[in-house]
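Heads up, the next two complexes both have chain A, just with different partners, chain B and then chain C.
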Partner chain A sequence: MIVDVTLRQGIADPEGATIERALPALGFSGVSNVKAGKSFRMTIDAESESAALEKATSLAERLLSNPVIEDAAARLGERVAT
Partner chain B sequence: MIVDVTLRQGIADPEGATIERALPALGFSGVSNVKAGKSFRMTIDAESESAALEKATSLAERLLSNPVIEDAAARLGERVAT
Partner chain C sequence: MNRVGVVVFPGSNCEYDAAAAMNALGAKAELVWHSTTDLSGFDGVILPGGFAHGDYLRPGALARFSPVMEAVSRFAHTGGPVLGICNGFQVLAEAGLLPGALQKNIGLTFLSQPTTLVVTSNNSVLTSGAVIGQELVIPINHFVGSYTCDDETLKRVLDSGQVVLRYKENPNGSRADIAGLANERGNVVGLMPHPERAMSTLLGSADGRVLLESFVAANVAA
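Take a look at the complex of A and B:
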């Protein structure tokens, strides 16, 4: 399961802004809207994919992100057979 | 375009390990292999999707990751019409 945590719309993103400013000097043009975020990969034991997704979503919202400034979304990565 | 940066196999991940250790006390069981990573979202002006992907991959490997300890992969997010 993969949880993506991104800054909410309108929250200042100094890391993304710094990367964006540095790019032209490093030879990359035409890149805009750079946003930095975090991701977490994990294995979840669950009865079904939907149960795992629900668990990951709850975990993402309660523990892995700060809901005041961040959005969190869980998605299925590769499935591990048991 | 979304660039995912993850720690290479075998590199210690104290952030992931700490999250994993904290989970049972917070009511989440059955979660293992927690790995922390970074993600970057950006808009790239390019002739085609493959050109954008190539640019993002080069940028990911050269600037957004430390190839000694991290793997970087670029993938297409939503497409912005022009």
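Take a look at the complex of A and C:
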């Protein structure tokens, strides 16, 4: 399972802004709307994909993100051998 | 206030300064390990600065699930004075005991410097003995100290006098220059600056005393 945590719309993102400002100096032009965030990967034992998704969404909202400033979205990733 | 519990999380590092400040002002500070579930018998609780649980994930994100936090929450809801300094403020915000959140400083640099604060409300256990408009020089020492919240919350905390301290010159991008914030009742207060490090002019400033004296003078269920 993959959980992406991004800053909510309207919340200052100084990291994203700094990265965006650095890009032209490295020769990358035409890049805008850079947003910094976090990505978490995990394996979840569950009856079904939807049950796993539900669990990931719940833990993402409760722990992995702070809903005051961040949005969290869970999605299925590749199954990893354990 | 007689007995003050200073909560120690793995990674706290300002607990001795906080305890020394309390003792210097006539209270009896006791260090309380974060696995404690009972805070009965204490007249006040301090969550000190540091890096609770390594600040992994987000500052305060893991600390809010430490066993002691349920007891802190109960203590707060019965009107007990609770003070979160720096990392302690981050923990209180993550725990939902104070509104809003702290995020990385706008300049993306760790800031360690004296700041001038302005007292904007004395309706809290930390500022009851201070005068509105009074300026205090107190150091900050943080990377994640930029206060933020949604517009509705900002209006509410400003209108209701919950914003107790504001930076005279905003060092970290905090919304409305907010440095210290109380809950509606005024018994739970969090601030990013370190009043326990401003206890003596020999060490730069004694301006933290008026704040911590107010806290020591606060009564349970005030």
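The rule is simple: the second predicted complex is superposed on the first by the 79 of 82 C-alpha atoms of A that agree within 3 Å, B and C clash if a C-alpha of one lies under 4 Å from a C-alpha of the other, contacts with A are read in each partner's own complex, and residues count from 1 in each chain.
By definition in this document, a contact is a pair of C-beta atoms (placed from the backbone, for glycine too) under 8 Å apart; a residue touches a chain by one contact, two chains touch by 3 or more.
Given the structure is predicted, the values throughout are model-derived calculations rather than measurements.
Looking at the overlay, what does A:N66 touch: chain B (first), chain C (second), both, or neither?
In the superposed model, A:N66 contacts chain C only, not chain B.
Quick check on the superposed pair: does A:D45 touch chain B, chain C, both, or neither? Answer first, second, both or neither.
Once the two structures are laid over each other on A, A:D45 reaches chain B alone.
Which partner does A:K55 contact after superposing on A: first (chain B), second (chain C), both, neither?
First partner only, chain B.
I want to verify the contact counts: of chain B and chain C, which reaches more residues of chain A?
In the superposed model, B touches more residues of chain A.
Which holds for A:G30: it touches chain B only (first), chain C only (second), both, or neither?
It touches chain B, and chain C stays clear.
Considering only the touch criterion stated at the top, classify A:D4 as touching first (chain B), second (chain C), both, or neither.
So A:D4 only meets chain B here.
Report for A:G16: first if it touches chain B alone, second if chain C alone, otherwise both or neither.
first
Both chain B and chain C contact which residues of chain A?
63-64.
Can you name the residues of chain A that touch chain C in the complex?
11-12, 14-15, 18, 63-64, 66, 68-69
Which residues of chain C touch chain A in the complex?
Touching chain A: residues 57-58, 61, 65, 93-94, 100-101, 103-108, 146, 148-150, 173 of chain C.
Considering the complex alone, what residue numbers of chain B touch chain A?
Within the complex, chain B contacts chain A at residues 4, 6, 16, 19-20, 22-23, 26, 28, 30-46, 55, 58-59, 62-64.
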